[in-house]
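The same chain A turns up in both complexes below, where it pairs with chain B and then with chain C.
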Partner chain A sequence: MIYGCRDLSVKLHGAPTLALTEVSVQVPPGAVTAVVGGDGAGKSTLLRCLVGEIVPTDGVVQRPSKAEVGYMSSSSGTWSELTVNENIDFVAGAYGVRGQALSMRRRQLLRGTGLDHAGSRLAGQLSGGMRRKLGFVLASLHRPRLLVLDEPSTGVDPVSRVELWRLIAEAAADGAAVVMSTTYLDEAERASSILVLDRGRAVLQGATDEVMASVPGRIVEVEIPSDRSRAWRRGRIFHQWLPAGATESGRGVRVTPDLEDAIIVEMLGAGR
Partner chain B sequence: MTAERGLPPVLARAEGVSKSFGGFTAVADVSLQVRGGEIVGLIGANGAGKTTLIRMLLGLLNTSGGRVEVFGTAPSRNERRRLGYVAQGLGLYTDLTVSQNVEFSATAFGVDPADIELPGEVAAVRNELIGGIGLGRQRQLAFACALGHRPDLLVLDEPTSGVDALARARLWDVIHDQAAAGVGVLVTTHYMQEAQQCDRLVIMAGGRVVESGVLTEIIGGRTAIEVHTDEWARVFSVLNDAGLLATLAGRRVRVARTELATVGQALAVAGVEAHVTEVPATLDETCCQWARAIDSDRPPNGRVVDMPRNPQAANQPVA
Partner chain C sequence: MAAMRAMIVKEFRELVRDRPTMALLIVPPLVLLIVFGYAANFTVHNINVEVMGPAAARVAPHFAAPLGVSRVDPGATRADAVAALRKSKADVVVVTSDSGPPVALVDGSSLFTAQSAVPMLHQVPGLQVEVLFNPALKTSWWMVPALVGLIMTFIGTIVTSLGLVRERQAGTLEQLAVMPLSPADVIIGKIAPYFLLAAVNMVVVTALGALLFGVPFAGNVGMFAVGSALFLLVVLGLGVLISTVSQTQAQAIQSALILLLPQIVLSGMIFPLAAMPWGVRWIGYLLPLTYYIEISRGVMLRDAPLNALWLAMLVLVVMAVLVLGTAILRFRRDLAPNVKQAKHHAANRVTSTS
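What follows is the complex of A and B.
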């Protein structure tokens, strides 16, 4: 069973335009799928459709039953007036996780997130990074088959970010279908497949390796680009896109495109 | 403001700067400087103290200790004329149009609105309200307004958060063009990709500077281990169970703060065959290595005593 959506369109109440237009994505089990885009691209709307918070205007969503979905919203979904342990107890009660299963899972997740000495602290007193990690604990506590994470690492310190990646990989290795949104492209590169959204439409999608390998033409590293409209900065030097069939040759060093290169080329090719 | 040994002048300087709010120390003993023509990146998580430091450099907040200078003197309204600032919240007026925002900004800095050059896609919507033009164009407009009075120092607080890859590339074009023209730039970010755009980095955590220098110096030859495998889930589980900091990277498994031999041994013990290589660490992975170094150099002696909310429990002595 592969979760995801097909030809999904969403018109939010009172909005003049569609928040999503005919978006299809598969979220396979045992893998991480990243949804990428700027603010307003439709990332949160898509994830909220997948967990059933929004009923789509058109199209089909395939997901397991509500009890088998775990969801971490962009606001982290923790209760600031409860302690870390009370947060866990509350969510465990809602999903019927109890007894030895609960104590094992609690120990495993708290140790994995470095929150094991913070069980009696109020969630509201945790740092931003610790609160995001608690949000992850709550979303994945009941070993959901579909784990949906909305910008899990935004605003998080670098060390906590690596720890979150470890936890996300752990959930996928455990068999969960994981889908996460992010605005960090270096983070999206870690997912096995990606969906790039722009103004509610899919502009690029597929296996991450293949997306990066199938950039049309060449990317070269140059000190002074011959065409600024097709060049972007990497520190003091530029990356420049030479479309397939471009006559220019011998200028600059050819580089292996990364995800940022691939997305910029796609958007330039689409006339942006 | 001195030009020593032919270097461009120091435009902004913090020396041992601290800031406390009540009992909370937001910035502790921070020193940094920005010279003309260089892009200095201030890196850190939310709450690391980046914005507080910037607000002190702008003269919007007083320091609790230490000294800040812009253009060789204490920050004041007079110095503000030579400084361009894009706030995290952009500082645009959402119930005015693009043109009206431009006029307002031009008037505030005493320049001709016509001197504020708008990029084509912003000029195309000059009569629309700010709320309707989308975040990417709002950021471009905020940049144009901050640059309208030809500042010598540019302070940008998370200038590209929330925009798509192409919009971010265009904003960085503007930043680099300014630096090339001699403007000093101080930019805060928590994007590691943006760290690569900067000439020099100052990394903050918990209000303090934990590292500074050129990115390659900061990473300093540190490495991570990459495991190429057809069964990433199995490899990941083996390494994770061995207590290593393993993460997923596409279809590979990446392990931070460890050595080639350790990973090889863990895989051999589990009887897993995989191709293991040593690769340069990322900035995030480097930060993980410091975190461990700090732990092992000086094991924490302090302890956290949380005040219980139950009034009866509050009477019990701390064990």
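What follows is the complex of A and C.
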């Protein structure tokens, strides 16, 4: 079963414009789908629609029953006055995970997230990164069929991000349909498919490899761009987009576009 | 100077958008002005007197305002007189006989009425005065039953609303909304601990009142428990209601204080309702604490029977249904948006598969 939504539009209470406009996305099991976009692009709204926390104004949402959905909100969704173990106990109780299954799952997830020595610490006393890892533990505790993660790695240190990504990949490998939002494009590049949102509209989507491979024209690496309107900084140098059929040639080293290049080219109005 | 000006402008902008703080700036001063201007009065101007016994018709004309004779019953006995006081039908009942002097029985559970009445009764020639239910007219006996209600109000509104708003503020309310918990699971699970906590507090305060101040518990424990439970449901409902309109804990405290202040001053807890002009007294009759105090003082001090307190109980039942019902509906909207919006968006469809 492929989860997701079709032609989803959302108008939030009191907002003058649509937060999402006719957005469609498919979240297949066994794979990770990344939702990418800047602040206010509609990433969280889309994920909240997928889990049923917001009812869309229009469109169709396909999801399993509540008991088979795991959700980590942008605020990590942990109870700060409870210890790590008490957080797990509460969520396990709500999802009906008990006994041996709970013990094994608790051990596995706490070890995987490096929280195995923090079981008796209050969630409110954990660092931001540790709290987000606990949020992931709670969301995936009951082995949901649809795992929805809202910026799981924001605020997490680089080493922990790698660990977190491994856990996300494991959840997908276990058969879960995983959809996560992120502002980190290097992270999104690892997903099987991506959806890029801008001001509530899907501007780019598809299999991540195909999206990167289908950038029209060429991307070149230059120290001083000849056309600043088509160039963007990448560290100490610039990448510049030369549309198909551009007359300019011979300047800069051609590079294979990554996801950041693909998105920027799309935003520059290349179309497809 | 420019920096300070920027700071002042920023503060004003924040203040104007902070509605609970604005309400706190406007409502309490108005309430205090009205209350202390009109309601803060310990002197009762109308004291309801009944005269009973064989010589009732002869004795009744001896009483002048503010002692107002409302009933003369030559056939009634002292037992009838005590029953009338228990039921709060009169503030003073004068029991007459053919042989001895008339005896004025005063309801000591209405402290300020009794304090006003006793000196006047002593001026009536040949009249003996006997204060029932609070013979020494102790203020603590008058206050403790009311304080039980105030403490439950405090826990029910402030503490409950804080607990719920904390969930909203921490972002865990949305987590609860998507978990396989029904709105009833969440609402009952959230308020049950506060209900128990407030109930324990009620028992402790009542017991301490008896131990420290010798406040009697003359009446039926079961009736007191039922009245307290009904009142708790109302104040817990107010707490949930506050949480649905508050985004932060500070806002919840401000809103709760705005609700709490009139309850303290207009419920008859401190100032007797009978001493207030009708212009403000009607507000008191809209407040749940008014009815709880009627029950707690009635049961603890006077051993009031159910047929004297049924109206207060009924009002609390109606308030509990209205307040808790509204609160649950509003809170449920946060937890189950599907239920709320499905009606409005016929085009929207959700397909759940398992």
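Everything that follows uses one rule, which is that the second predicted complex is superposed on the first by the 269 of 272 C-alpha atoms of A that agree within 3 Å, B and C clash if a C-alpha of one lies under 4 Å from a C-alpha of the other, contacts with A are read in each partner's own complex, and residues count from 1 in each chain.
By our rule, a residue touches a chain if its C-beta (ideal position, glycine included) is under 8 Å from a C-beta of that chain, and two chains touch if they have at least 3 such contacts.
Keep in mind it's a predicted model, so treat the numbers as computed, not measured.
Peer 1: With the two structures overlaid on chain A, would chain B and chain C clash, or do they fit side by side?
Peer 2: Aligned on chain A, chain B and chain C fit with no clash.
Peer 1: Kindly classify A:56 by the partners it touches after superposition: chain B alone (first), chain C alone (second), both, or neither?
Peer 2: Once the two structures are laid over each other on A, A:56 reaches chain C alone.
Peer 1: Hey, is it chain B or chain C that touches more of chain A?
Peer 2: B
Peer 1: Answer with first, second, both or neither: which of chain B and chain C does A:156 touch in the superposed model?
Peer 2: Only chain B is touched by A:156; chain C is not.
Peer 1: Name the contact category of A:74: first (chain B only), second (chain C only), both, or neither.
Peer 2: A:74 contacts chain C only, not chain B.
Peer 1: When the two structures are overlaid on chain A, which partner does A:117 contact: first (chain B), second (chain C), both, or neither?
Peer 2: After superposition on chain A, A:117 lies in contact with chain B alone.
Peer 1: In the combined three-chain superposition, what is the angle centred on chain A between chain B and chain C, taking C-alpha centres, to the nearest 10 degrees?
Peer 2: 90
Peer 1: Just to confirm the value: shortest Cα separation between chain B and chain C in the superposed three-chain model, in whole Å.
Peer 2: Between chain B and chain C, the minimum C-alpha distance equals 7 Å.
Peer 1: Show which residues of chain A lie in contact with chain B when the two form their complex.
Peer 2: 30, 32, 37-41, 117, 120-122, 125, 127-129, 155-163, 165-166, 168-170, 172-173, 183-186, 189-192, 198, 208-209, 228, 232-236, 260, 263-264, 267-268, 272
Peer 1: If we count contacts the way the header does, which residues on chain C are in touch with chain A in the complex?
Peer 2: 170-172, 174-175, 177-181, 337-338, 340-342, 345, 347-354
Peer 1: Which part of chain A faces chain C closely enough to touch in the complex?
Peer 2: 1, 48, 51-69, 71, 73-80, 91, 94-95, 138
Peer 1: Okay, in this complex, where on chain B does chain A touch?
Peer 2: These residues of chain B touch chain A: 44-48, 134-136, 161-167, 169-170, 172-173, 176, 190-193, 196-199, 205, 232-233, 236-237, 240, 245-251, 253-254, 256, 282-285, 287-288, 291, 304, 306, 308.
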